[in-house]
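Two complexes, one shared chain (chain A), two partners (chain B, chain C).
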Partner chain A sequence: MNLTLKIWRQKDSKTKGQMVDYKVTDISEHMSFLEMMDVLNEQLINTGEEPVAFDHDCREGICGMCSMYINGEAHGPDRGVTTCQLHMRMFKDGDTITIEPFRAKAFPVIKDLVVDRSSFDRIQHAGGYISVNTSGNTQDANATPISKHDADEAMDAATCIGCGACVATCKNSSAMLFVGAKVSQYALLPQGQVEATDRVKNMVAQMDLEGFGNCSNTGACEIECPKGISLENIARMNRELLKATFKS
Partner chain B sequence: MSVLDSKVPKGPLKNKWTDYKNHIDLVNPANKRNIDVIVVGTGLAGGSACATLAELGYNVKAFAYQDSPRRAHSIAAQGGINAAKNYQGDGDSTYRLFYDTVKGGDYRSREANVYRLAEVSANIIDQCVAQGVPFARDYGGLLDNRSFGGVLVSRTFYAKGQTGQQLLLGAYSAMNRQIARGKIEMHNRHEMLDVVKVDGKARGIIARNLITGEIERHSAHAVVIASGGYGNVFFLSTNAMGSNVSAGWKIHKKGAFFANPCYTQIHPTCIPRSGDYQSKLTLMSESLRNDGRIWVPKNMEDVMAIREGRKKPTDLSEDERDYYLERRYPAFGNLVPRDVASRAAKERCDAGYGVNATGEAVYLDFASAITRYGTEQAKIQNIKNASEAKIYELGQAIVEAKYGNLFQMYEKIVDENPYETPMMIYPAVHYTMGGVWVDYNLMTTVPGLYCIGEANFSDHGANRLGASALMQGLADGYFVLPYTIGDYLSDDIRTGKISTDSPEFIEAEKDVRERLEFFVTNKGEHSVDYYHKKLGKIMWDKCGMSRNEKGLKEAMAEIKALREDFWKNVSVPGGINEMNPELEKAGRVADFIELGELFAKDALTREESCGGHFREESVELDGEQKGEAKRNDKDFAFVSAWEYKGEPADAVLHKEELEFNDIELKQRSYK
Partner chain C sequence: MSKFFTSSIGRKYAMALSALFLMFFLLQHFAINILSVFSPNAFNEASHFMGTFWVIQYVMQPILIFGVMYHFIMGFILEIKNRNARVVKYAKNNGSANSSWMSRNMIYSGLAILGFLVLHFIDFWIPEINTKYIQGDMSGLLADGEGYRYYEELTHKFVNPLRVGAYVLAFVFLSLHLMHGFSSAFQSSGVSSMRKEKLQAFGKAYAIIIPLGFILIALFHHFNH
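What follows is the complex of A and B.
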C-alpha cells in the first residue's frame, strides 16, 4: 500500500517543531508500524535527509520504550498493543497517517517523536520499592502465604510497562493510572504494608511536583493502556492516600 | 601452563563458595564510602549488582542506553526462573540443579561456578518475594512451580508469562531505593564507548550522552560490564533492537579475553520471517511443544501447492504429512531439546519443504491436541455421541486456557487463526552462551574489570536450559559479584578518587571522538543497516544452526571483506553533538562485524559438535545415534578464550581445561 505520513519533526528540546509530510510506497500489510518507519528512515538516509528519531527497543510489546501518538491515539488504532505490535493491516492503501510524540508537560520532547519520561522514574524513586536489603537473608519465600486472589491482582497491577500512554491520552495529562498501578501492587501484598503510608504520600507528592494533572474519571487511560491496567487501581490509590492522610 | 587462572577455590565442591566467602578480604563500611564502582548495563545482572553494591555502601555509577533501567531486555523473558527450593517435594536439590545445568550445557561449563549458581538460586526467590515480586501462587497461598524442558522436577517459579518483567522491575525497585538515597548515580541514555585502563587496571569508562552527544569521562575503582548477549550479530534475533556487544567488545580490545563466541542458542519456536523488511523475530514459549505436533508435507507437489495458495495445510491427510521429529526421535518426539529441534527444522527447509513464501517455516499443529482434549472433556462432562464440532469446541477451550496469550500474539502478528490452521514456526537466534571470559570471581583478564550476566561465558556451557538465564543474571548481581569484588577493592581503600585528567583518559576520549568523527564525515553509499543485514546473512548461512569447515572459512573471508567495505562506504547522517540513533547503530555494527569474524574462527577451531554448536564433520557414523551430534571430550573439553591481537583473525587461543570431578561425562541421546 501507499501512504502519506504527517510526522512531527523537532530538532531538539529548544527548537520549535512542525508537522512534515512524507510518502512511503509498497508497504506490506504484514509489516509492523515500526518496520514501516524503518522503511521511511532508510529512504530518508538514502536521499541524504535526516531520519526520524523515535524510541523503540524490544519490539515485542513489553519494554515500554515505543511511544507514538498515531491518528490521535496513543499506540495507534488497535487495542491492547504497543506501537511496535501495531500492524499495517490496520491501515488502507492511500491513507494519511498523523504521527506525533506523546504530549504532556511532564514529557518534554527531546527530538522528533522521542520524549523524556524521566518524571516516571522520579516518581518511582519517591517510593516505588520495598525497603528490604538484597542480602538474600530474608525469610523463606513461603513463610507468609498470600491469597491467590491478592497475588493475581497485584500481578495485574504490576504488569504496567511504564510507556506513558495513559498520560498522553488523558486530557489532564494525569499519571494516576501509572502511579495507582505501583501503589496497588504493594498495597495488595503483605510485604508492602510496612511502608504503605509514606509510599503513597511520597509518590503522589512527586507526581504533583512533576506537573502531571489530576484524574477526572474519564477512563481514556484504561482504554488506551496496552496492558489493560484497570481504573480500579486509581480508586485503590485514592483510598490508600485517604488512609495515609488520616493516619498522620 | 595457560595464562588463564580460573581461581576456583580448593576443597570439596559443596564447600567451595562458603569457604571462599569466609576467607576473602572485606572492606569496612567507612572505607566503602570512598570507593566508586561503575556498572554498565542495568538489566537483571547489572541492576541487581547496582542495588547490592550501593546497599553495601559503595558509590555506584550506573549506565544504560535506554531511558530507564526498567527497559532492559531481561524484561522480555517469558517462562520463569529456576531455583532448587524443592517446594514440590519431588526430590530437587542443589546437586540436581547443578547436574541438570552442567548436562544441559553439554559438559562445557565450569563445575564450580555452576554449583555456586545452584547454591544461591534459593536465595533469589526469597529475596524477590521480600521485594514484592508477584510470583504465581496456588490456592493455599504458597508459591506455584512449573516444569521446563530437559529436567525431571518442577523447580521453575513464574509470574504469568512475564517473569523477566517482574524480576527486572524488582531489581529496578531495589535500584530506585538506592537512587533516592544518592548511592546510585544513574546515567540513562548513555552508552559506554570505551574502558580506560590506568597502570593495567580498569579505572573508568568513556561514555556518550545519547541526548546531547557529549562525550564524558567517568572514573571508578572497578568497572562491571553487564551489557547482555550479542545475538544481534545475526541481525535478526529475538534480542531488542539496541542489544549490542560493544561494551564486551571494547573491553576485549583492551585485554579481556573473549570466550566461546560460537556458542549460540537457536530457539525452535519463533514466528517466521515474513519479508526483507523484518526487523526482529518474536519468540513463543517452548511450552507450545508440549501439545503441538511439528510437520511439513511429505510430497514436494503439496509444498508448492501450499506456497502458491492452491492448497491449505488442513487439506493434507495424515499420510501426506511428515512429522519429522516423531519419525527421527520416537522416544522424545516433539520434545527433543532446543538445539535438536532447531536443526531438524532447518534440515527439512534446506531440503525444500519449507511451507511459507520464504521457504523457512514448518507447521506446529494443535489439531490432535484439540481433538484429544475435546474427547477427554466430552467424557468428563458425560456428553454421549458428541459431534466432531462439539469435540473441537471443548478441546479448543482447554488449549485456549493453556496457551491463549501465545495464540493471540501469533494471530496479531501473522493474521491467521492458529485454532483453525496450524501455526508456522522457524528457529531464531535467542541467547548467547559465549561471552567475556571471567574467573571464579567474575573478574576478566583485566584487573578490576568484571563481567556478569549473559555478557560473560561461565555458567551455561554450550547450551542453556530454559529458565536459567534469569537465575544466572540475578545470582551474579545480587549475591556473587558484591562479595567477590570486595576482595579486589580491599587493596584500594587508600587510593582516593581516580582522576579523569590522566593521559589514559585523554587518549581514550580522543580515540572515541575520532571514530565518531569518521562516521559522520565519511558520507559513503550505504546505510548502517545495509551492512548489518549483510553480516546477518553471512552469519545465519554459514555460522548458524550447522557449520562446516568450508562455510566457516568462507564466512571469515566474507566478513573481513564486509568490514573493509564498511569502513570505506558507510554513511551516517547527522552530527555528533545531538541525538543521533544512526550514529549509535554505526558504532555497534562496527563491533558486531569484528565479533562475527572471531565467532567464525572460534566455530572453525572447535572441531566437535556440542550443545548449540553443530559441526557437520562431527557426527556419529553408525549405531543408534547415526547422524547425531558427536562431542569430543578427549580433545575439546576446554573453554576457548581468545586474546585480541589487532585483527579478529589473528586472535590467539588460550585454553582453560575443564575438569569434571563431581559429574560423569555422558553422550546425550533422544532416540
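What follows is the complex of A and C.
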C-alpha cells in the first residue's frame, strides 16, 4: 500500500517542531508500524535526509519504549497493543497517517517522536518498590497465602509497562492510571503493606511535582492502555491515599 | 490533612464531595418543585418552611453557597491546570474513540449551568433575600395578605417563553453534566468498580429523570398560566 505520512519533526528539545509530509510506497499490510517507519528511514537515509527519531526496543509489546500518537490515538487505532505490535493492516491504501510524539509538559520532546519519560522513573523512585533484602534469604513463595482475587488484581496492575499512553491520551495529561497501577500492585499484597503509607503519599506527591494534570475520569486511559490497566486502580490509589492521610 | 486537600487526589475528593452534596440538594429541590404541579398549597407550605426554618436558612444555605462556589472555582482552577499540563496540542486528536463527549466537555456544560444559576439567582434568590432580610417581611404572604406568595411567584416567572427556553436548555446541559459527573464523583471517592457498576445505572437514571422533571415543571407552568 502507498501512504502519506504527516510526521512531527523537531531537531531537539529547544527547537520548535513542525509537521512534515512524507510518501512511502509498497508497504506490506503484514509489516508492523515500526517496520513501516524503518522503511521510511531507509528512504530518508538514501536521499541524504535526517531519519525520523523514534523510541523502540523489544518490539514485542513488553518494554514500553515505543510511544507514538497515531491518527489521534496513543499507539494507534488498534486496542490492547503497543505501536510495535500495531500492524499496517489497520490502514488502507492511500491513507494519510498523522504521527506525533506523546504530548505532555511532563514528557518533553527530545527529538522528533522521542520524548523524555523520566518523570515516570522519578515517581517510581519515590516509592514504587518494597525494601526487602533478597540476597540469599528469599522467602518461599507459598509461605504467605494470598487470595486468588488479590493475586490476580495485583498481577493485572503489575502488567503496566510504563509506556505513558495513559498520559498521552488523557485530555488532562494525567498520570493517575500509571501511578494507580504501581500503587495497586503493592497495596494488594502483604509484602507491600509495610511501606504502604509512605509509598502512596510519596508517589502522589512526586506525580504532582512533575506537572501532570488532574484526572477527570474520562476513562480514555483505560481504553488506550496497551495492557488494559483498569480505572479501578485509580479508585484504589485514591482510597490508599485517604487511608494513609488518616493513619499519619 | 492540609497536604491531602492540596494534592491532585485530595482536590478530586473535594470536587466529588461537593458534587455529591449538590446532587442531594438538587433532589430535594426537585421534590419541592414537583409539588407545584400537583398541589399549590403543599408547594407553598414546603417553600415557606424551607424559607423560614433557621437550620435551612442559616446552616444549610451557607453550606450550599459554599458548595456551589467551591465546585465552580475549583472546576476552573483544575481546568486551567489541566490545560497547562499539555503545552503543545495534538495536530490530530481522536477523543471520541476512547471517551464520551460529556466527559471531555464538563467545563462547557458547567459554564452553561453557571450561566443558568446567574439567571436563577436573579429570578428567585435575590428577590427572596430582598423580601426577607432587607425589607424584613418573613410572613411569606402575598401583598394583599391572601395566602402565600411562593406559587404565584413561580408561575409568574414561567410566563416568558424566552426564560422557559433558557431553563429547558440549561437543564439539558445539567443532564449532560450529570451523565458523567454522577459516576465520576463515585470513582473519585474511591468506590470500587463492583459497587460502581450498580451505581452507574442509578446515576444514568438520575441524570435523565431529575433534569427532565425540572423541564416538565417549567413547561407545565408555562402552558397552564
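Everything that follows uses one rule, which is that the second predicted complex is superposed on the first by the 246 of 248 C-alpha atoms of A that agree within 3 Å, B and C clash if a C-alpha of one lies under 4 Å from a C-alpha of the other, contacts with A are read in each partner's own complex, and residues count from 1 in each chain.
To be clear about the criterion, contacts are C-beta pairs under 8 Å (C-beta built on N, C-alpha and C of every residue); 3 or more make two chains touch, one makes a residue touch a chain.
Note that this is a predicted model, so its numbers are computed, not measured.
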Which of chain B and chain C A:Y69 touches, first, second, both or neither: second
Of chain B and chain C, the chain that contacts the larger number of chain A residues: B
Partner chain(s) touched by A:I234 [first = chain B, second = chain C, both, neither]: second
Touching partner for A:Q191 - first (chain B), second (chain C), both, neither: first
Touching partner for A:H56 - first (chain B), second (chain C), both, neither: first
Contacts of A:G48 with chain B and chain C, given as first, second, both or neither: first
Chain B and chain C contact sites that coincide on chain A, given as residue numbers: none
Sites on chain A touched by chain B in the complex: 11-12, 28-32, 34-35, 38-39, 42, 44-46, 48-51, 53, 55-60, 62-65, 78, 81, 85, 87, 89, 110-111, 114, 116-118, 120-121, 124-126, 128-142, 145-148, 151-152, 154-155, 158-159, 161-162, 185-186, 189, 191-192
Touch list for chain C against partner chain A, complex: 1, 3-4, 7-13, 78, 81-82, 84-95, 97-100, 103-104, 106, 180, 183-184, 187-193, 196
Residues on chain B engaged by chain A in the complex (per definition of touch): 48, 51-52, 55, 66-68, 70-73, 75-76, 85, 87, 120, 123-132, 134-143, 159-160, 162, 165-166, 169, 172-174, 176-177, 179-180, 186, 188, 211, 238, 240-242, 274-275, 277-280, 282-283, 412-415, 478-479, 527, 529, 571, 573-574, 578-579, 581-582
Chain A residues within the chain C interface of the complex: 6, 8, 17, 19, 69, 71-73, 77, 98, 100, 103-106, 109, 169, 171-174, 176, 204-205, 207-208, 211-220, 223-224, 230-232, 234-239, 241-242, 245
